[in-house]
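By letter and in written order, the chains are A, B, C, D, E and F; residue numbering begins at 1 in each of them.
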Amino acid sequence: MAQKPTISRTFIMGLWEENPVFRLLLGMCPTLAVTAAVKPALTMGLCVIFVMICSNIVVSLMRNLLKPHLRILMFTLTIATFVTIADLFLKAFVPVMSETLGPYVPLIIVNCIIICRAEACASKNGLVISVVDAIGMGVGFTATICVLAAIREILSTGNIFDIPVMFKSFVPWAAMAMPVGAFITLGLMLGLVNIITKEKEKNKNSHSCSVEGSE
Amino acid sequence: MTVADIIQLWNSAWPAGVTMLTLGSAFAIVLLIASEKLKVEIDPKIEQIHEALPQIDCGACGFAGCGSYAKAVAADPELIGKCAPGGAETSDKIAEILSLQASAGGHPQKPIIHCRAHTADRTYYARYGGIETCTAANALANVQACKFGCLGYGDCVDACKFDALHNIDGLATVDYEKCTGCTACAKACPRNLIEMVPFSHENMMTVACSSKENGKTTRQMCKVGCIACSLCTKKSELFTMADNIAKMDYEKFQPSDQTEEAYTKCPTCVIVYRGKSAPAPRQKEKKPAPAKA
Amino acid sequence: MLENIAVSSSPHISKPLSTRTVMLDVIIALVPAMIAAVIFFRLYAVTILLTCIVTAVITELICNHIRKKPNSLGDLSAILTAILLALSLPPAIPLWAVIIGTAFAIAIGKMVFGGLGANVFNPAMVGRAFLTASFGMLMTTWTVPATINPEMPTITESVKSTDIRTQATPLAKSKEALKGKINASVANNLIKDAFTGQIGGCLGETSTIALLIGAAYLLIRKTITIHIPLAVLISAFIFAGVAYLINPDAYISPLTHLTTGGMLLCAFFIATDPVTAPLTTKGMWIFGIGVGAIVMLIRIIGEYPEGIMYAILLMNAVTPLIDRLCRVIPVGGIPNAKS
Amino acid sequence: MLKVKHFIEQSWLLIVASFIFGLLVAVTYASWKPRIDQNEKDKLNNLMRFMITDANSFEIAVRDAEINTGKGKILKTNIYKALYTDGRTLGYAFVAVGSGFADKIKLVIATDIHCEKVFGFKVLASNETPGFGSKITEDFYTNQFKGAPATELIVSKTGDPEIIDDKIITISGATVSSEAVVKIFNTFIAQIKQKLEEQGLI
Amino acid sequence: MTANAKGQFTFPGGVHPPDSKTLTEDSPIQIAPVPKQVAIMLSQHIGAPCSPTVQKGDEVQAGQVVGNADAFVCAPVHSPVNGKVKEIALRSHVVLGRVQAVIIDVDLENNPPKKINPEKYTNGFDFDAISPLQIRDTVRNAGLVGMGGAGFPTRVKLEPNEQSPKKIMIVNACECEPYITCDYRMMLENPEQIIAGVKLAKKASESPRVIIAIEDNKPKAIQMMARKLRELHGTENIEIAAVKTKYPQGGERQLITSVLNQYVPTGGIPPMIGILVLNTATTAAIAEAVIADWPLTHRVVTISGEGVSNPGNYYCSIGTSIAEVLEFAGGTNSEAVRIISGGPMMGIAIADLDTPITKTSGAITVLTKQQIGKAKFANQQTPCIRCGRCLEICPEQLNPTKIAHAVKHELLDTAQTYFMTACIECGCCSYVCPANIELTGYIKTGKILLARQKKKMPQ
Amino acid sequence: MDTFNTLLLGFISIVLINNLVFTKFLGICPYLGVSGRIDMAFGMGMAVTFVVTLSGTLTWLIDYFLLQDSPLEVTRYVCFILVIAGTVQLVEMYVRKFFPPLYESFGIFLPLITTNCAILGLCLFINLWEIDNFLEAVVLSFGAGIGFTMAICIMAGIRENLKLADVPDCLKGAPITLITAGLLTLAFMGFAGMIK
C-alpha cells in the first residue's frame, strides 16, 4: 500500500480512487451549492484547481519550516490569500460568475479538500508531486461537480449551458434546482459509485493474479 | 511599467501588508504563548496516532476531529480504517502503532474451532425454525444432538471484520490467510468453541471436538466426534484426556512421529491440522463395500 | 426421528393479524373516499388512482429486483401509499406528473431507506412534496366537481388546455380573507359543500362524510388509536379558534378549518401512518399537537394556503427525537444507575 | 531578549508570510481595481440601457435619495439620469428594494423623463424559489411594465397581460412574488417622483 | 367471594390468547404408570447444581436423596422410584443444555405407582406443634423448589428477612397460560392439601396475611377453595382474590400489581417490597413434605394440545422422559409439529424427546400447524411497521421493538437503555406483533449476549 | 420594542426559514460526519453555536470598524479566517487546559470547526446582508448556531433510527444521510415565506 507516489499514479488517484467528493466526502458545501447549473460549477472547479495548485506549491516549499502550533494558521493564511486573488480575478474578468457564486468563492478557504491536500500531500512531498496531486484532485473535483451540475441543470431547466436538450413538451422539474435536488442527486450518485466500486473490487479479486503478474 | 507605477502600487499596497503583518504577528505571539502555557499531557500512544493522522479535523471518521479519533482508536482498535482522507496508509500505520499484541510465547494467537462436523456428520432431532443466530439457537433445547458442536449460524462469521471466517456446510471455518487474530470470533461463539491458540507453527495440530459426552453418546450424535478412546494419549504425551475429550498441549507442540501417529491412528479422524496450508482432515476409510451386501 | 418437528423461540402462538390485514383495513376505510372522488371527479379520479397504483407496484417491483429482495407487494403497503398519494393530488394533474410523483414516493420516500417500516418520512407526502416543489402550477389547479359542472372536461382536454373550469378552494378564500380582500364568512359558507364534497380540492379530501365513515371503520377495527387524530384536530381547533375569536372577519372559523383542505384525511389516515409516527402514546400526542400547530401556522401566517404536507413531513423528521423524549418507563420505574 | 529571539525563531515564517501575502493581495487588487469598479458600474448601466435603449451614458441625478419603505424604515438610493449622446436626458432609473417571497428583491426601474411612464424593470438580485418566484424575470411578466403608467399599479389574478395599463396580471403559482414586485414599485415610484420634483428635475 | 384486597385485579397491558383449557379442564388427575427408567437432573433449580450422592450400580429407594450440595441456594434431588443407578451421564435439559443426571433403571417388580392421598391432609395435623424453622428445614430437605416455572428453592423464599419483613404472601393460582390446567385440577381435587400447604407456608414465612389469587375464568376453583378455606381455616388472614383473566396474570410482578396495586421495582424482586409469591403446586408440595413426610418426587403434568391423542392431567415421576410421558397420553398424533415443555406462551420447544421432566415442568403441550399459524411456523417475519402494539400490551411497559431491533443489530448498550433486562419474557409482544417478529426471542438472545459480555468484561 | 421584534424575527428566520444547512448548504461536512449519534451531534451543535457567535461578532466588529469602505477591504477573507482559526485554536487550548470536563463534552469538537464553512459562511453572509446593527449581528450569529444544532440533532435522531433499519448496502452512510437531508429541506420549505 505504502508505495512511493509516482506522478501518473498521483494524478489518477485524484480522479477516481481518492476522488475528493465520492471518496473523501470533503468539500460538500460547494459541491452542493454551486451545482444548480454547469457554468458556475465549472467556474468553481477551476477556482479550486487554481487555489489548490498555488497552495500546494507554497506549502510544499515551506514544508520543512512549519511549526506545529502555527500549521493550521499558516495553511489557512496561504489558502485565503489565493482565494482572494481568485475572487478578485472573477470580479474583474467574469463578473457574472462572481455574482452567481457569491460567497461560495471565499468559502473555498475552508474547503476541506484543499487543507486536506496541503496536509496530506504537499507538506510531505516535493514540488512536482504536490502540483500533480493538486491538478489530479482538482480535476477530479471539477469533473464530479460538473456531472452533478449537468444532471441537475438538465432536469431543472431542460437545458445545458442554456442549450435545450430535452424533448419539447418536457416540463422542467423545479425541485432539482432547489436544495432537495442537490442532496438527493448527490446521494444517489454516491450510491451508484459504491455499487461500481464494489463491482470493480469483485473483478479485481477474481483477476488478482493476472494483475500482479503484469506488474 | 514605470518606476512611478511601482511606487504607486507600493503606496496602495503597503497598508494591507502591514495590517496582515500585524494580525499575523499578533496571532503568532498569542498562539506561541498559548501553546506553551496551555500544553496538556497526553498518552504517547494517542499522540503517535494523532501524528499519523492527517490532522485536518474534517470529521469524516464520525468523531470530533483527529484528536478524538486518535483517542477512540487507541481505546478500541476495531475502529481502525475510518479515516477516509488518510486512507489505507494511515490505517496501516495506526495498526502498527497499536501493534496487536502477540502471545506470551511470542507466537501469533490464531483461532481454532474445536469442531469438525459438517451438517451431514451430525444428528438432528428436529428442524430449527427460529432466529438464525447461534446464540438464539443455542438457547433452545437441543435441535442438534451435540450440544457442544458448531451450530453453523455464523455469529463468529458476523463478528469477524476481516472476512476470515466462513460457514462451510454448517461448520465455521477460518481462512488463516486473512485472519488477524483479533479474537472477535472467540468472543462471539456462544458455545465457546473457538480457542485462541499460539501458532508456533504455520499449521497446528488440534483435537477438533468439544464434546464432553461419553464415547457412546458422542458416537450417536456425531460421526466425527472425539469418543474419548485415549488412543492419542498413548501415542504422544502431548495429548491428555479430561472430561471425555482429548486435548493437545499447544505450547509444546512439535511435529514428530508420535504426533503423526496419533494423527493417523485416531479412529474418528478428529485430530486435524489447522493453519494456512493445513492438509484437509483425514477421512475415515470406508468399510469395504461388501459388508453391507 | 422427528423431522417434521420444528423448534423456535416462545411464544408458539400468535394473534391472527398481519401487516397485510392492517394495510387492507386502511384501504377498505379509504373506499368511501375513493367512491366520493369518483363521483365528483369522474374519470380523473379513476385514471389517477389507477396510474398511482400501477406505478407504485412497478416501482416497488423494480426496487426489490435491484436489491435482490423477495417481492414485498404482498403487504399492500405500496398500494396504500399509492392510494393516499392519489387522494392528495389535484384532479387535473397530468398523468406523467402522477407517475413521477409516485415513483419518487416509493423509490426515494420508502425503498432507499430499506422498504416498509424503515422510511423516515411519509412516502405519500414525500411524493406530493416533490411534485409541489417541481410543478407548483399543476399542483394548485382545482377542478370544479362534476356534480356542479356537468360539462366536466375529459382527461385529454385538460392536459392540453389550461382553461378547465377551476374554482378557488375554501382555503384559497381563507388566504384572501387574511389579506383583507374578502370577508372570511365567504369561506365559512362553503362548509356545507365541503361536508358532501361538492367543492374544489384534492381527489380524496373534499368529502368530509366519506372520510368520517372511513375513520369510524378504522377506529372500530382498532387499526388506529384515537390519540393522533384527536391531538391533530384539537390543536388545530384551538389555534384556529383563537384566531377566529380575535378577528372573525379575517380568520375563517375553526370548524371550516377542520373540514376543509386535507385536515381530516391527514388526521385519520396520514398522521396515523404507524411507520412515521411516534411509538408511544405520549409521543403520539406530541406528534399530533405538532402537526395541528404547524398546519395552522402555515395556513394562518405562512404563504401557502395549506400546510398539511409540510406539517407531516416536519413532524416525521422530529419523530425520532420525540420517541427519545417519550421513552416508555417500565412499570417498576427506572432502576437506579448503580444496580 | 531571549524571549524575543525565541518568538522570532518560532514565528518568523508566519510573520514574513503574512506580510508577503498581504502585499500580494494588495498588489493584485490595486492592479485589477479599475476593472472591478468598471464592472460594477457596467452592470447597472447595462441593465438601465436595456430599458432605456437609446441612452449613451448615465449619471447620478439625485444622490442618496431617502425613501420611506414603510414601518419607519428609510432606504437610500441613487437616482440616475440617462443621457443621450447629445446630452439630452432620456429618463430616470433607480434601484429599488423590497421583500419578496423568500428574501429581498432588488430591482432596477426606469421611467421616462417626466416620470409618467414606466420603461420597465429588471431584477438586479432576487432569491425567489426556482420555478416559482423566479419567473418574475420572464417576459410574460416584465413586459406588462413596459409602458405602464408610473402611478399606483394594481395587481389582478385574471386579465390579459398583453394589454398595457395599470393592471398587472400575476404569474399563477407565484402570486406572492408578483405582488411583491408591484408593491416595491408602488412604494418607490411616488417618492422618487416627489424627490425629482423637489430637485426641480421634473 | 373476593377478598378485600385493594388491587384492581388487573395490570397494565397483557393479552387474551384463546385459552384452550377445555381440552383438559374436566379430566381428573390420573396416576401415570411407573416409567422404565428415570433420569434425575442434578440441576433442576436456580442456584448451585447438586453433586451426585450415589454411584453407578447403587441400589436406590424411592424418596432417597441422590444429589445434594452445601450451598444455601440449592435443593437436594430425590429418587422417585426403587431401582439401580445405571450411570451418571449427560441428559438434555430444557434450558440448560446438557447437564449431569443420575440415571436409574427402575425395579419394575416392586414399584407401585405413587398416589396422591388427600385424606392425609384432612384429619387434624397439629399446625401449632411445628415451628417455622422446622417447616423450612423440612422444605429444604424435601428438595422443594418453585413449581410455577422459575424453580427457585422454596426454603430460601420462605426465609424471613430482617430488612424487609414479609407482609403478604400471595398464592399464585392464576394459571394464565393457555392449555395448562394442572393447578386447576389440584384445586378442585385436593383443596385440602393446598390449604394445608398454604397454612404451613404462611407460618414458615411468618407472613401475617395470605391472598390466594385465582383468575375469574375458574369459578369452580374459586368456589371450591373458598368453601374449603371456610371449613378448614376460617377466612381471617387468608383471603381469596378473583383476578381478571388475562395473560400473564400469573407473572408474579403482574399479580402483585393486580392484587395489591403495588409495583415491584424494575430489576428488583418481590421480597424487596415484602411480598412472597408461591405457586399452588408448591404449596401442595409443602404440605406433602411436612405432613406426609415425602420429598418432591412427583408432580402433576398437564399433557395437552391438539397434537396429543388423549389430553389430560397426569401425576408423573420427575425424571420420566418426555417421550414416555407423551405415551401416557396416547402419544402424539400425525399433525403434531411442535412439542413444548410448558405452555404455548412461555414454554420451550423440545427437540430431544429423551429430555426428562423436572420439578418445574407443569405441562407438555403439543401443537399442530394450525395452532401455530402458517406464517409463524414458516418463520415469515416482515419488517416492523412501528405499530406500537407491542408497547401497548407489554405488561412491563417496555419498548419491545426497540430492544429487539437493537439486539438484532448487536447494539446491546442501546437495548439496555430500553431496559432489556426488565423483560419477563412473557411473549405477549411476539403474540400481538402483526409483522410476526420474534421479539421475545430477540430479547432473550440479547439477555444472553449481555450476560456473556458482562462475564467477559473484567479481563 | 421594534428592535426586539426585528431581532426575534431575524432569529426565527435564520433558525427555521433560512437555515444555513438547508438553504445555504453550509457546514455540510460535519452535518454528514458527526450526526451519527445524538449526544455527539448536540455537542457539535453547541460548539458551533459558541464559535459562530463569537466569530460572527468579532468579524462583524472588524468589518464594520476597520475594513468597510477602506482600502483594506481586500484583506477581508484573510482577516476573517485568521480571526476564526486563531480564536478557535485559542479557545480549544484554553478550555482543554482549564475546563477538562467541558472540553470532554464539547471542546473536542472545536478543531473540527475551523474547517467548517458554516462559520466563515455566516460571517460572509452577515457582511453580504449588510447588517449594520451590532445586536442584530450577534443575534443572527447565535441563531445560525442554533439552527445548525437543530438541523444536526434532527439528523442524528433519524440516523439513530436508521441504524436499526435495513438500508441498502450501497446507500449506507453518507448517501442515505444526503437523501434524508434532501427530504428534510423539502419539509423545511413549509416555513418559506413565513417571515419577510
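FYI, contacts are C-beta pairs under 8 Å (C-beta built on N, C-alpha and C of every residue); 3 or more make two chains touch, one makes a residue touch a chain.
Quantities reported herein were computed from a predicted structural model and do not represent experimental measurements.
Asks: Could you tell me which chains are in contact with subunit D and with subunit E alike?
Replies: A chain counts here if it touches both subunit D and subunit E, which gives B, C, F.
Asks: Which chains, if any, touch subunit A and subunit F both?
Replies: Chains that touch both subunit A and subunit F, as defined above, are B, C, D.
Asks: Quick check: more C-beta contact pairs in A-B or C-F?
Replies: C-F
Asks: Centre-to-centre on C-alpha atoms, which chain is most distant from subunit F?
Replies: Max centre-to-centre separation from subunit F belongs to E.
Asks: Could you find the chain whose CA centre sits the greatest distance from that of subunit D?
Replies: E
Asks: What whole-number Å value describes the gap between the mean CA coordinates of subunit B and subunit F?
Replies: Those two chain centres are 41 Å apart.
Asks: So what's the Cα centroid distance for subunit E and subunit F, whole Å?
Replies: Computed value for the inter-centroid distance: 60 Å.
Asks: For subunit C and subunit D, let me know how many angstrom lie between their CA-based centres, rounded off.
Replies: 44
Asks: For subunit D, what residues touch not just one other chain but two or more?
Replies: 10-11, 14, 17-18, 21-22, 25-26, 29, 101, 129, 131-132, 176 - these are the residues of subunit D that touch more than one other chain.
Asks: What positions in subunit F touch 2 or more of the other chains?
Replies: 29, 33, 71, 74-75, 78, 82, 86, 89, 114-115, 166, 168, 171, 176, 179, 183, 186, 189, 192-193
Asks: Counting only residues that touch at least 2 other chains, which ones in subunit C make the list?
Replies: 1-2, 4-9, 108, 112, 114-115, 117-118, 130, 133-134, 136, 303
Asks: How do the chains pair up in terms of touching? List each pair.
Replies: A-B, A-C, A-D, A-F, B-C, B-D, B-E, B-F, C-D, C-E, C-F, D-F, E-F
Asks: Given the complex with subunit E, which residues does subunit F contribute to the contact?
Replies: 163-164, 166
Asks: Enumerate the contact residues on subunit C facing subunit A in the complex.
Replies: 97, 100, 108, 112, 130, 133-136, 138
Asks: Along subunit E, where are the residues that touch subunit F in the complex?
Replies: Result: residues 383, 402, 405-406, 408-409, 411 of subunit E touch subunit F.
Asks: Under the touch definition given earlier, write down the residues of subunit E that touch subunit B in their complex.
Replies: For subunit E paired with subunit B, touching residues are 89-90, 92-95, 97-98, 341, 348-353, 355, 377-379, 410, 438, 441-442, 444-445, 448-449, 452, 456.
Asks: Inside the complex, what are the residues of subunit B that reach subunit C?
Replies: 125-131, 136, 139-141, 143
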